[in-house]
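By written order: A, B, C, D, E, F, G and H. Residues from 1 in each chain.
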Amino acid sequence: MTTLTQTFKIPESIKKGSKFSFCPGCDHGVAVRLVAEVLDELGLRENTIAVASIGCSVTLYDFLEVDSLEAPHGRALAEATGIKRARPDKFVFTYQGDGDFASIGMAESMHCALRGENVTAICINNTTYGMTGGQLGPTTLLGQVTTTSPKGRNVEYYGYPIKIAEHMALCDGTAYSARVSLDTVPNIRKAKAAIKKAFEIQLKGLGFSFVEILATCPTNWKKTPQKAHDRVREEMMPIFKPGIYKDITANN
Amino acid sequence: MTTLTQTFKIPESIKKGSKFSFCPGCDHGVAVRLVAEVLDELGLRENTIAVASIGCSVTLYDFLEVDSLEAPHGRALAEATGIKRARPDKFVFTYQGDGDFASIGMAESMHCALRGENVTAICINNTTYGMTGGQLGPTTLLGQVTTTSPKGRNVEYYGYPIKIAEHMALCDGTAYSARVSLDTVPNIRKAKAAIKKAFEIQLKGLGFSFVEILATCPTNWKKTPQKAHDRVREEMMPIFKPGIYKDITANN
Amino acid sequence: MAEREMIMSHVVIDKERCKGCYLCIDECPKKLLKIGKDVNSLGVHLVEFEDPNHECLGCALCATRCPDMAITEVYKG
Amino acid sequence: MAEREMIMSHVVIDKERCKGCYLCIDECPKKLLKIGKDVNSLGVHLVEFEDPNHECLGCALCATRCPDMAITEVYKG
Amino acid sequence: MTECLTKSKKVLTKGNYAIANAAVIAGCECYFGYPITPQSEIGEFMSGKMQELKRAYVSAESELASINMVLGACSTGAKAMTSSSSCAVSLMQEALSYAASDELPIVLVSVMRGGPGLGNIYPSQGDYNQATIGGGDGDYKMIVLAPSTVQECVDLTYRAFYLAHKYKNPTILLADGLLGQMMEPVEFGEYPYPEVDNSSWALSGAKNRPARVIRSYAPSADDQCEFLKKLHAKYKLIEEKETDWEEINTEDADIILVSFGSPARNAKSAMKECRKMGLKVGMLRPITLSPFPSKRIAELAQTAKKFISVEINMGQMIRDIKLAVNGKVPVELLNRPVGNPPSVEEIIERIKKESEV
Amino acid sequence: MTECLTKSKKVLTKGNYAIANAAVIAGCECYFGYPITPQSEIGEFMSGKMQELKRAYVSAESELASINMVLGACSTGAKAMTSSSSCAVSLMQEALSYAASDELPIVLVSVMRGGPGLGNIYPSQGDYNQATIGGGDGDYKMIVLAPSTVQECVDLTYRAFYLAHKYKNPTILLADGLLGQMMEPVEFGEYPYPEVDNSSWALSGAKNRPARVIRSYAPSADDQCEFLKKLHAKYKLIEEKETDWEEINTEDADIILVSFGSPARNAKSAMKECRKMGLKVGMLRPITLSPFPSKRIAELAQTAKKFISVEINMGQMIRDIKLAVNGKVPVELLNRPVGNPPSVEEIIERIKKESEV
Amino acid sequence: MEKNFIIAGFGGQGVLLAGEVLANAFMLDNKNVTWYPSYGAEMRGGTVNCEIVMNDSEDVSSVNKAQADYVLALNQASFDRFLPKVKSGGWMIANSTLVDEVKKRSDINYFFAPVTRLADELGNSKMTNILSLGVLAKISGLTSLDTLEKALDNVLPPHRKNLLPLNCKALKIGYEYDLSAVKV
Amino acid sequence: MEKNFIIAGFGGQGVLLAGEVLANAFMLDNKNVTWYPSYGAEMRGGTVNCEIVMNDSEDVSSVNKAQADYVLALNQASFDRFLPKVKSGGWMIANSTLVDEVKKRSDINYFFAPVTRLADELGNSKMTNILSLGVLAKISGLTSLDTLEKALDNVLPPHRKNLLPLNCKALKIGYEYDLSAVKV
C-alpha cells in the first residue's frame, strides 16, 4: 500500500473558514492564493503587514491571516512606506488593482519605486476598474469596450494604456520588476515564482520589488472565465508582454 | 555707411515693462525668454493659453503677455487638459518646475502623456524645490546637499532621482520628449530648438510634447551663477543626459 | 472515506466554496471533472470528481486553476 | 546716441534690469563687458559695455546668456 | 439608457442619469470624471453622450485630476463639470478652494455615500459640512443645491450651471446615494436659463486686448484682504438673491421639521400625517444649503415652538438651524447616522413625543 | 539650529523648530513631509535630526503621500507626524477622514497661511473650519490644539502626541505663520506624559494571536451606524476630559474677548489695558479648538453682556461661540481677513465702542 | 391613495427590471411613482430587491417604508426576508416553483403561482420576472395589461426590442393567470 | 515695562541675526522676549525687518504693534519706511553711511552713526549689523555688553564660532561709540 502525498492544500496564510468574495472565475482568487502560498513557503505570515487597496480586493484582510491595513484608493504604497519605515523588520507588501496602482496611485507607486522602498507591490492588471463596474482604466486596451468607453477605447478621447512593469523597471530604486499572467497553469506557476522572487528581494533588503499580474475580470468583460483567459492570451499579452523587466540579482 | 542689423531684442510676447522676479543669474529667466521667442516666431501669442505652476515661476503671467491660468501645485497638466479639451483650437502649454511636474504632479504628468493630450509641457529641472528654499526634490542628485538632505542625498533615506524625459518617452501618447540644458549659449540655442519643435508638434496635433530643461538655482545651490553652470555640466548632465528621447516625426 | 481514497490519487471538493466557474474542468488532463446536478446555497451547479478508472494523476492542475480553492486538497497515490 | 553707435556693432544695457549675475562677462568673446562702479536701485554694481576698439561682433552671446534681458538690444554693424 | 432620455416627454429616469442628461441639455461642454459608487452612472452616461455630441469627455486618472481639468476648462468660460462621491470629494478640497478663489464657474455633482473614510456605498448626508463649509483652506463659500426628487435633480442641475456662471462661483449639486439610484418620471424640457456672457474674463488668447490671468495668489496681505472682502460681498449678494427653500404649513406650526434631500420626502409625509392627527406641524426644506435660509428660519423661530432637524448623519445641518434660531426655541435632532432616511413612522413618533412636552 | 536645542536650559527658538524639537523629544519615530512655507523649517530640522537619531524621515513626493505614510506608520503604533500648511492641508482631507475612521493616532502640524487657494504666506486663521470641522467625508472629529506662544508650541506638541495615542484619534496642532516664524525663549524639558500602550491594536505581525485589520470600510449600514455611535461616544468623552482653555478676568466681565493663537496675545494685552481704564473686560482663550470650550462659554453667557471673537479670517470661530452662547447675549466679530492679527489698539478701540452701547 | 410594492429575488432574476416596468406603467397611468433599489455591499449572487411607491395624491412619495402593500418574492430567501414587511391586509405573492407554500401569518393575503415553471413552459425561464409581474399587476388591480405592455416597450432598449413579443406574452400569461386559487 | 524694537535693512545686511542676538540678550537677562520677522512675498533683495518685544512684567507680549520704542535702520528704504513707526519720544537710530541725516519728525530722538564705515574700518562690512546693535543696546540702556556677548555666543552656530571674536569686537565698538553726538 503506497502512501498518499498531498499535492495541494489550502495555504496556512489563508484565514480559516474564509471564502473569497470575488466573482466566479475571477483571477483575483488565484493571485491571493499564490501570495498566501509564498507567505507560507517563506515562513513570513507572522511577521507580515499587508496593505490592502481599494478595489475588488479591498477585503483581502478577510482572506489572509496576516495583519493588514486598508489604504485609501491609490495610496497603498504610501502606507507601505510608512509601515516599513516605522518597522523595518516587518515584511510589507501591497496588493493593488491596476487602477489603484497606476491611475490614482501613479505618483505614490512611482516614487516608492524611485525611493527604492524595501517593500513589494503586487498589481493585478485586469484592464478595468473591476469594483466600480468595469470602467475604462489606465490599462484598458485600445478598442476595448467598457462602461465608459461604450464604443471602445479610441486614442482621441482616451489615449493609450500604460505599461506598468516597464515604468517600474525604469526607476533606479526598483530591484525587481516582472509581468506575469494567470491564463494557464504553467503561467500560474511562473507567476508564483515571480512573487516568490519579489518577496525574497525584500527579505534581502535590495529595494523595491514589483509584480504585475495579468488577470481576468469575467464579470465586467462579460465573458466566461474560459474566454476571459483566451482574451488575456490573445489581446493582453501581445501588448503587455510577460517577462522579467528588471532583476538586479540576475547575473548577466 | 553700413546699416545695423538687430541680432537681439526683447520678445514681443514678454509683457512690456515687466521684470523677472527670479534671483540673479537664475536660468528660469533664460527659459522664459526662450518660450517667449518661440511664441513670437510661431506667431502664437494671441492664440495661447499658458498654465503657470506653483514654484519660482508661479508669476509667469507677470512676464508673458499671454492669457494664463495658475494651476494648483502639481496639477498644471490637468488644467492644461481641461483647457485643451474645452478649446482644442488654442495653443496650450505648461511651464513647470521639476517638483511640480515630477513629484506632486507625477500622476497628472504621466497620464497627460499617456493620453497623448495635444499640449506641451516645459519642465525646469533645477534639482530642488527652489521656491520653498531648496529642499530635496525628485531630481536631487545623489550626494547633493539641500535643506532637507543636510548631509547629502543618500540612497537609504531618499532613494534615487527620477529621469523625467525617459519616463515621458516611454508613454505611448508622447510624440516628443527631449532633455536640454542652459549651461552654455550653444546649449541655450539647442534648448530653443527643442521648445520650437515641441510647439510645432502640438500645432500639428501629434500628441504630447515635452521638454525637460536642466537649469540652475544659484541661490539654493549656494553657488555663483557661473559655478552653477559648471555644476549643470559636471554633475547633472552625466546623470540627466541631454538628448531627444522621442520624436515621432523623426525618420529613422 | 472509501478505502481507495486512502491509496489512490484524488481530489477533495468543498461544495460551499465552488462558484461554478468550471475552469477546473478544462484543466484536467484526464477529464475527471464535470458539472454535476447538485446545487449549493449559491445556486451553483457543483463540479463533481468522478474517476472510475483511477486515472487521476494527483497533478493538482485543477486545484491550481481553481480561483476559489474549492478543490481544497489533492493527493497523489 | 553717438554716431558710431549708429553704424557699429553694439549692445544696449537696461540698468534697472541688470541683477549683477555677471554671466554676460564670461560669455563675450571680446571681453567687452565688465563690472562697473554704478549701482542701480537694487544695489547692484552694473555691467558696463566698453568697446574702444570697435571689437564688438554683435553676436548677442551676451544677451542670449543674460537671464534678465538686461542686455535688451544687440546690433551687428 | 442614453436613448430614452428625450426632452419632450416624461421618462422614468434614474437620478444619476437625470443629472447627466440635464447637464448635457444645459450645454455642458466638458465632463471629466473618475468612477465611484453610487454615482458612476453619471460618467458612464457622459462617456457615450459627450462623444456622440463631439463634446469633451475624459476618463481622468483620479478625482484630483478630474476636478483640476474642470478648473482648466472653466477658465476658458466653458461649461464644465465633474461628479463624484464622499471620500473622493475629500480629495478635491484644494481645487475647490482654488476654484472659489479663482472665481471659476465649476459644477461638481456630489452624490453622498457613507463615511468617514472609505465608509460604504449606502446613502448618507455626512458631507453636508464638507459641501457647505468646505474642507479647503481659507474663507470661501460654495453654492450648494440639494435636490429631493429626481425631477429636482434635473431642475437643480440646470440651476447649478446657471448660478455657477452667473456668479462665477463653484457650485455643488449635493445629492445622496438614494437619489442617485432612484427612478422617477421626469421631464427634461429645455435649459431654462439665459446664457451668461463670459467674454469679459474667460481665457481665449490675448488677441486685441491685454493678456488675462486667472490666479489665486495675492502678492500682499492688503491685496488679499481686499480680495476677501470683495469675495464675501459676492456671497452676501448670492445669499440675498438666491436663497431658496420649500415651506409648507409653517404659518401656524408649533413644530417645524427641517430636512433636505431624500429624508425631506419622509419628513413631508410625516408632517402631513401629523396634520391629519391635528398636530400643528410644518416643514421647511432648504433647496440651497449654501446660502442657507437662515433669515427665514429666524423669522419662523418667532412663532414656532420647536425645530427638528431630520438628517442622515450625526447632525450637521442642525448647526446652521441653531445659528439661525439663535436660542429662541429648542432645536432637536432626529437622525440616522448612515443608510436609509429615518422612516415616516419614526418621524411621526418623534413629533408626537416632542408635542407632548 | 539643530545643535542649540537642548532639553535643559532656556533657548530662544523659532516656533517651527520648537514644534520639531518637541516632536523629537516626544519620541516621534517617523516624520514624513513635503515643503510649504511657512512651515518648511519643521521638515528641514527633522531631516537632519531624525537621521542623526536613526529614526525615520522621508521627503515625500506630496502631501497626499506624506499624510498617508503617517497613517501607515501609525498603524504599527508608532508615533508619527507630518506638518504642512493651508492649501496643502486641503489635500490631506481624505486621509484625515480615513485616519479618524481607522482611529489612528496621527499628528498633523498645520501652520496656517492665507487662503483660499494658493493665497499667500502671510499668517492667517482661515483654516479654523478645516481643522475643527474637517473637509473630509462623513462625521468625524479631530482633536485640535492651538498654541499661542512658542513655549506652547512645545507643550502642545507633547500633548498632541499624548492625546492622539490616548484616544487613537487624529490630532492637529494648529498654529499660524506668525507663530511658526516667531522666536521666544522656551524650555523643552522632558516629554511629560506617560507612554500609551498600543500593543492591543497595533499591527505587528499576527504572531501568537489572530490577525488584525485596520480599515474604514463597513460592510453594512447597521455596522456603520453602530461604529459611528461608538466613535461619537469617544468624542463626547474627549470633550468631557480634555477641553482646555485659558480664562482671565471673566468673573465680573461685561465683555469677553474670545481669541486663540497669535491674536489671543493682542486680545490679552488689550484686555489688560482696558481693565486699567476701568472697563470690565475678560478673555477666554480656547486651547483645544476641538473639543471647543462651549460649555464654559455657555456658563459665561449667563453673566457677560457681550462676546467679541478676535480672529484672522472672515469669522470662523465665531460660529462656535454663537452656538455656545445660543442667543443669550450678542457675539461680535473683530477680524482681519489675513495677515497680522488685529492690533492691540484696534481691539481696545472696539472694546470701547462696544462698551458705549 | 398610495400603494407600495417590493419585488425581490436572486440577482439575475430580473427583479429590478420588473420593478422598472411596473413603475413605468404607473407613470403612463399619470400617477406619481418612485422606484429605488436596495443596494449596498451585498455579495454578488445574493438577493436583490427594489421598491416601487405609487401614489395619485401626493407630489412626492416617502421612502424607506416600514411595510409594503404588495411583496413579490421570487425565491425563498426573499420570501423569508420580506414576509414580515407585508402590511396587515396586504399581499404576499410568491413564486411557488422556488418557495414553499407555507403561511405563517394569518393577517395577510397569499398568492402562490409557479411562475418559473410557467416561464419554462413558455420556453424561457428568464421570463419569470415579467410573468410574475403580470400576476402582481392583476392582483393589485392598479394598472392594465395594455399599460404594462407600453411600459415594457419603454423599458426595453433598442437592441433588445426583439424580445418585446416574448415579454408581452409572459406578461399576458401572468396577468391572465387563474386567480380563483386565491383564498383570502 | 515693555519696550519694542524694529531692526530693518537690506536683505543680506543681517538684520534678522542682529535681532536674534538682541532677543537672546533679553532672554539671558531673564526678561520675556518675542522676536518675529516681517515676511511675505517680498522680492529677494528687498528690505527685511524684524521686531523684538521685550517686557519684564507680562507673561506674553502682544504683536503687530502700531509703533516702536526703537527703530534701527540700516539703509535709506528702511529709514523712510519706519520713521512714522517710531513712538513719540522714541528713538530712530540710523546707519549714516547709507542714510541721509534728515530729521523730519521733531517728536523723536535721532542718532546717526556711520556704522557701515565703522565696520569697514574694522575690516568687514558684514559686521554692520552687530556693530549697530551695539549702538542700539547702549542707547536703550536695556542690556549690557557682557550679556550681548553671551547672546552672540548663543546665536553663532558651531561652524561660525571662529567669527565670535570679530563679532564681539564690532559689538564693543558700537556699544562704546561716542554717544555725545546725540542731540535730544
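The rule is short, and it goes like this: a residue touches a chain if its C-beta (ideal position, glycine included) is under 8 Å from a C-beta of that chain, and two chains touch if they have at least 3 such contacts.
What you are looking at is a predicted structure, and each value in this text was computed from that prediction instead of being measured.
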Least step count from subunit B to subunit E, where 1 means the two chains touch: 1
Busiest interface, counted in C-beta pairs: E-F
Distance between chain centroids, defined by C-alpha means - subunit A, subunit E (Å): 38
For subunit B paired with subunit C, centre-to-centre distance based on mean C-alpha positions, whole Å: 61
Inter-centroid spacing, subunit H versus subunit C (mean Cα positions, whole Å): 88
Contacts with 2+ other chains: residues of subunit H: 40-41
Residues of subunit B touching at least two other chains: 23, 58, 70, 72, 103-104, 106-107, 110-111, 115, 138, 158
Multi-partner residues of subunit E (each touching 2 or more other chains): 58, 61-62, 64, 87-88, 94, 98, 102, 117-118, 120, 122, 215-217, 219-221, 340
Subunit A residues within the subunit E interface of the complex: 54, 58, 70, 72-74, 103-104, 106, 129, 132-133, 135-138, 147-151, 157-158
Contacting residues of subunit A [partner subunit B, same complex]: 103-107, 110-111, 114-117, 138, 155, 158-163, 166-167, 170-173
Residues of subunit F that touch subunit A when the two form their complex: 29-30, 32, 56, 58, 60-62, 64-66, 68-76, 78, 80, 94-95, 98, 102, 203-208, 210-217
Residue ranges of subunit E in contact with subunit F within the complex: 64, 86-91, 93-94, 97-102, 112, 114-120, 122, 124, 126-127, 129-130, 133-140, 215-222, 224-225, 228-229, 232, 313-316, 319, 322-323, 325-328, 336-340
Of all residues in subunit A, those that touch subunit F in their complex: 15, 45-49, 51-52, 58-59, 61, 64-72, 75, 78-87, 90-91, 107-108, 110-111, 115
